[in-house]
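One chain, chain A, links the two complexes that follow: it is found with chain B in the first and with chain C in the second.
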Partner chain A sequence: MNELVLALAVNGLVWGLIVALIALGLSIIFGLLDVINVAHGDFFMLGTVGGLVVATSTGSFWIALAIVPLIGLILGAVIERLVIRPTLRQASLTIVTTFGLSMIIQEVVRATYGAQPRRMAAPIDGTIPLFGINYEIYRIAAAAFAALFLIAFFLFLNRTKLGTWIRAVRHDPETATSLGIPVTLVTAFTFALGTAMALLGGVIAAPITTVDFRSGVDILPVCFMAVIIGGLGNLQGTVAAAIMLAVLEGVVTSFVDPTTARIASLVIMSVALLVRPHGLFAGATR
Partner chain B sequence: MTGHAGKGPRMTGRITRRSFLNTALAGGAAYVTLARDMSAFAQAGPIIIGHHCELTGGFASWGYWHNKCALAATKLINEGGGIGGRKLELVTEDTESHPATGVRKLRSLVQRNNASFVTGSVHSGVMLASIPVATELKTVYFSTGEATEATSDKGTRYSFRTGTDTYGLAAAGAPWAYANLGKRWTIISPDYAWGHSHYKEHKAIIERLGGKVNDPIFVPLDAKDLVPYLSKIPQDTEVLFSVFFGALSVAFYTQAKSMGLEKTMKMYSVSGTIEAIAPADLKGAAEGVYIVENFPRMVKYKDDAFHRQFIKLIGTDDVDGRETDSNRVNAKSHSWQSYENLFALKKAIEASGWKTKKDDKAVIEALEGLQMENSIGFPQGSKILRKEDHSGMIDCYISRVENNELHVKKKVTKEELMAQLPPRVDLSKEAL
Partner chain C sequence: MLNVTGLTAQIGKIPVLRGVDLTVNGGDTVALLGRNGVGKTSTLRAILGLLRRTGGSVVYDGRPLNDVAPHKLASMGIGYVPQGRGIFPLLTVEENLLLTVKGAPNRNMLEEMFVRFPRIQERLRQPAGTPSGGEQQMLAIARCLMLEPKLIILDEPTEGIMPKLVSQIRHEIANIAKRGISVLLVEQNLRTAMRLASRVYLMERGRIVHEGTSAGLQTNPEIVHRYLGVSLKNVKGVIQ
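What follows is the complex of A and B.
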């Protein structure tokens, strides 16, 4: 039992890092733009589909890993201009518009790519023994990619001029404008960056899960939980909460049945929110 | 003008008894003729059958094929003269793979589109939510899903199913799997009615045969990472029975393979787990899995003219059931029902002389115990719609994925199946 607890804790950490990458995209879009992006899960789905399409046509997963997030950047910029900008700073309206966007994305993928779920082969084969179970090497690699991108993101946000502009626009858009920061451009880039992170998470997760036009529907609630529990708009808090949620559910699963584990982790998080209604890490960074 | 009208003969003539009788008789004759013509026109009008189908949502990859099969059957029936000389008009509504929407769409089919019969959903949740509504609307409803309740304790005189259910699939496959694959079983399935129903039916058979069934592992429907659940499978498991559909199936095969489970236990499943998915598309992850099919994916295992004509009609190949002009794969073990149900209704309508909804009782009586012979109308094979529980008794096939193809290892005939499958209810005794 002890071995199983450790194995599931490690697996929770691995899966949590991947979820953190996706949730972070949602968090920057909400935290910096006040957009409640209900279509974020569908951007993840586009990452899985795009990853499979590019990997199949080029024969290389690594090319997909490089190209698909760039496509996500362009797609995000276009969507920001056409869909988000007309409703910017009106959080309730963004729910409606991104819900419509979500349906459109799903149906376009279903109508063009098809409804049949598909498998994407992992680029790294093999397993290693891990606390009594055979653990897929690719999962460890995927977690490492995710961790690497997370570190790169925070370095970008804190050490570059564009990152400083993003933080400045979030803090006070009017003052940022008066200081000559191109707020409209920064806003568009922020949304594009969040979109690209979801697509990147999709490419990384595709060999572990499934390529399917509805795969975004299931990932979205987990991402929202991480964003809320981490403290709305708190980027470091989102990452920590995503990892905590996955580890907690993994560990609880080793003691009780899966559904009870899901309920238990939700109850624990609900209690945590009752105690700290603005999230576990509220106020740390916004 | 007034004066001119006043000079007319009808205005000046008095109504006599003779003229009154003449007018009344002429009017009556005209009325009878018109009414007879209108009635004849009504009878010559189309027979409307509703199709309650999962075109979008979680079952969309199956619904595409149910729709295609129903359209192919409609075309064939109309080219052959329709039903009792009347055109068949198929009206399709999308349930969106959602029970509440499904119920709303069923009401729309019957109350707005005037569907006289409905061939229905493959989604167990939609199907079970729809049967009470179809019964309330006094409309014959064919379901195509597998939850056994549709033709047992939640079934009614109006609910029928030509395919198998969890009860039938357990009876068809579990004894063979127990004898040939192993005695100690673990069941992993989604945490909803379909999975629970499979667990209950299989556990009963395996324990009756003397085997051991470990505690089930029910996976939340929204799970993406299955490792926490797969790692709970006891290591003494000889047979891992998995019941998933769609995206969860792919996730299961992918992650089970990556953990090497197939090296220590036999993998056994039902057709729903690999419906609309070609083994080749799983890139080897399903290799070696045993699957109970209702209609062999490879034509060579039921190699006759009707099967070949059927796959030509719906445009698929003879190995994977893949669409000839796309990558889609037929959900063949289920979608045939949407095709054959229309022919079953045609047979019952013509045998009973049904004309309007008033004759529904005769159609229901004709469907109860309906014999269907292997033909282009029933390409899955000969079958009977059992009178007592309204369930189809059909041939089943236990296949194994070998070299990315589904090869049949054992055919379970409908007679063998019926011997294992006593009816649990007698719906035919319900009053209409």
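What follows is the complex of A and C.
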């Protein structure tokens, strides 16, 4: 029993790292643009579908891993220009516009890719014994990829000029403008980056989840939970909360069914927000 | 250097500027004075394109700024130190200082900054929100100077600063002017404004209501009292 709990905790950690990547995209979009992006889960779904389609047509998962996030970057830039910019700084309106976007994305995928859920073969075969069970090697690799991209993201944000500009614009766009930062471009890039991170998470997750046009609907609440519990706009807090929630849900799943485990997550979020309304990590460095 | 003519702007549907005219000549230090809420900060923001202009013209170095994107003004030589300093508190002091410096920073310029503002060098790696208000104001001025501006627009640089640091900031602004950089200064501290500026504009309800030399204003207590609500006798150090 103890070994099963540990294995499910590791599974939770793997999933938590992927969710962290996706939730981080949601968090930077919210932190910089005040956009409550209801379509973010569908960007993840596009990553899973895009990953499967590109991997199938090219015969290589690794090409999909390289190409799909780039497609996400371009897609994000286009969506920012057409959907986000006209409603910028009107958070409540962005819920409506991104909800519409979510419906459009789902219906376009259903019309082109189909409504049938599919599975994708893992690009790395084999299992390793872990806490008494045979654990898929790809799941370990997926966690490593997600961790690597998380580190790369924070390095980009803290060590590059563009990353510094993003942090400056998040705090005070007007002063940033007066100092010569092209705020409109930085904003567009940030949305595109957040979108690309969701698609990247989707490609990494595609071999360990069901590729389905509605999979974004399932992951969106988890991402929002991570962003809220992490403290709105607090990027490190978002990562910590995503991992914490997924590990917790994994552990709880070993005692009860997945639906009850999700309910447990929601109860924990509610209690956490009652005790700390601005999130568990509010006040930490953003 | 800077010619503002008939500048109008509104916030929402409320007009805040009703035709502002002012000029800053090369090497000049000009102060814009007035009570709270008369439109001083709005004037600066409208000049910089941060508040949408609804009419009038802003010409800088012979070039109209009407169609120039606000973020391009810094590279054209217009520096801005906003009210409240505009420091990015979670960026380090160094990141603030070099935020928009293109390529490698000018070493001579950086050395000069460190000589003039030694506290900045000591705190380079610290989050910029940790130094005192006065040190943050020094950082804001140094950050502006790193972009080698020809005109610096300062909004209330001594607001909320400890009295012992006010004279230091005043000294730095005087130094800026000595380097031949033009200065447009909004200042509540009448003593500071009159000491630094050669010319002053007084604002009332979104318009310029008085223009003259600083020396002339010092001999006109009635105007000072009418538009600024203070008595010159109470402004220590103004009347020489």
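Note that in this section the second predicted complex is superposed on the first by the 281 of 286 C-alpha atoms of A that agree within 3 Å, B and C clash if a C-alpha of one lies under 4 Å from a C-alpha of the other, contacts with A are read in each partner's own complex, and residues count from 1 in each chain.
The working rule: a residue touches a chain if its C-beta (ideal position, glycine included) is under 8 Å from a C-beta of that chain, and two chains touch if they have at least 3 such contacts.
These figures come from a predicted structure and were not determined experimentally.
Asker: Looking at the overlay on chain A, is there a clash between chain B and chain C, or do the two fit?
Answerer: After superposition on chain A, which the two structures share, chain B sits beside chain C with no clash.
Asker: Once the shared chain is lined up, is A:183 touching chain B (first), chain C (second), both, or neither of them?
Answerer: second
Asker: Could you look at A:164 and tell me whether it touches chain B, chain C, both or neither (first, second, both, neither)?
Answerer: Second partner only, chain C.
Asker: Just checking: does A:208 make contact with chain B only, chain C only, both, or neither of them? Give me first, second, both or neither.
Answerer: first
Asker: Please indicate which partner A:174 is in contact with in the superposed arrangement: first for chain B, second for chain C, both, or neither.
Answerer: Once the two structures are laid over each other on A, A:174 reaches chain C alone.
Asker: At the CA centre of chain A, how far apart in angle are the CA centres of chain B and chain C, to the nearest 10 degrees?
Answerer: Superposed on A, the angle at chain A reads 140 degrees.
Asker: State the minimum pairwise Cα distance, in Å, between chain B and chain C in the overlaid complexes.
Answerer: 37
Asker: Return the residues of chain A at which the contacts from chain B and from chain C coincide.
Answerer: The answer is that chain A has no such residue.
Asker: Name, in rising order, each residue of chain A that touches chain C in their complex.
Answerer: It comes out as residues 164-165, 167-168, 171-172, 174-183, 285-286.
Asker: Considering the complex alone, what residue numbers of chain B touch chain A?
Answerer: 56-58, 60-61, 63-64, 191, 215, 217-225, 227-229, 231-232, 246-251, 253-255, 258-260, 276-277, 281-283, 285, 326-329
Asker: Write out the stretch or stretches of chain A touching chain B in their complex.
Answerer: Contacts found on chain A: 4, 7-8, 11-12, 15, 107, 110, 114-119, 121-122, 127, 133-136, 138-139, 205, 207-215, 217-219, 221, 246, 249-250, 253-254, 257-259, 261-262.
Asker: Could you list, by residue number, the parts of chain C that touch chain A in their complex?
Answerer: Within the complex, chain C contacts chain A at residues 45, 48, 50, 69-75, 80, 82, 86, 88-91, 95, 99-100, 127, 143, 147.
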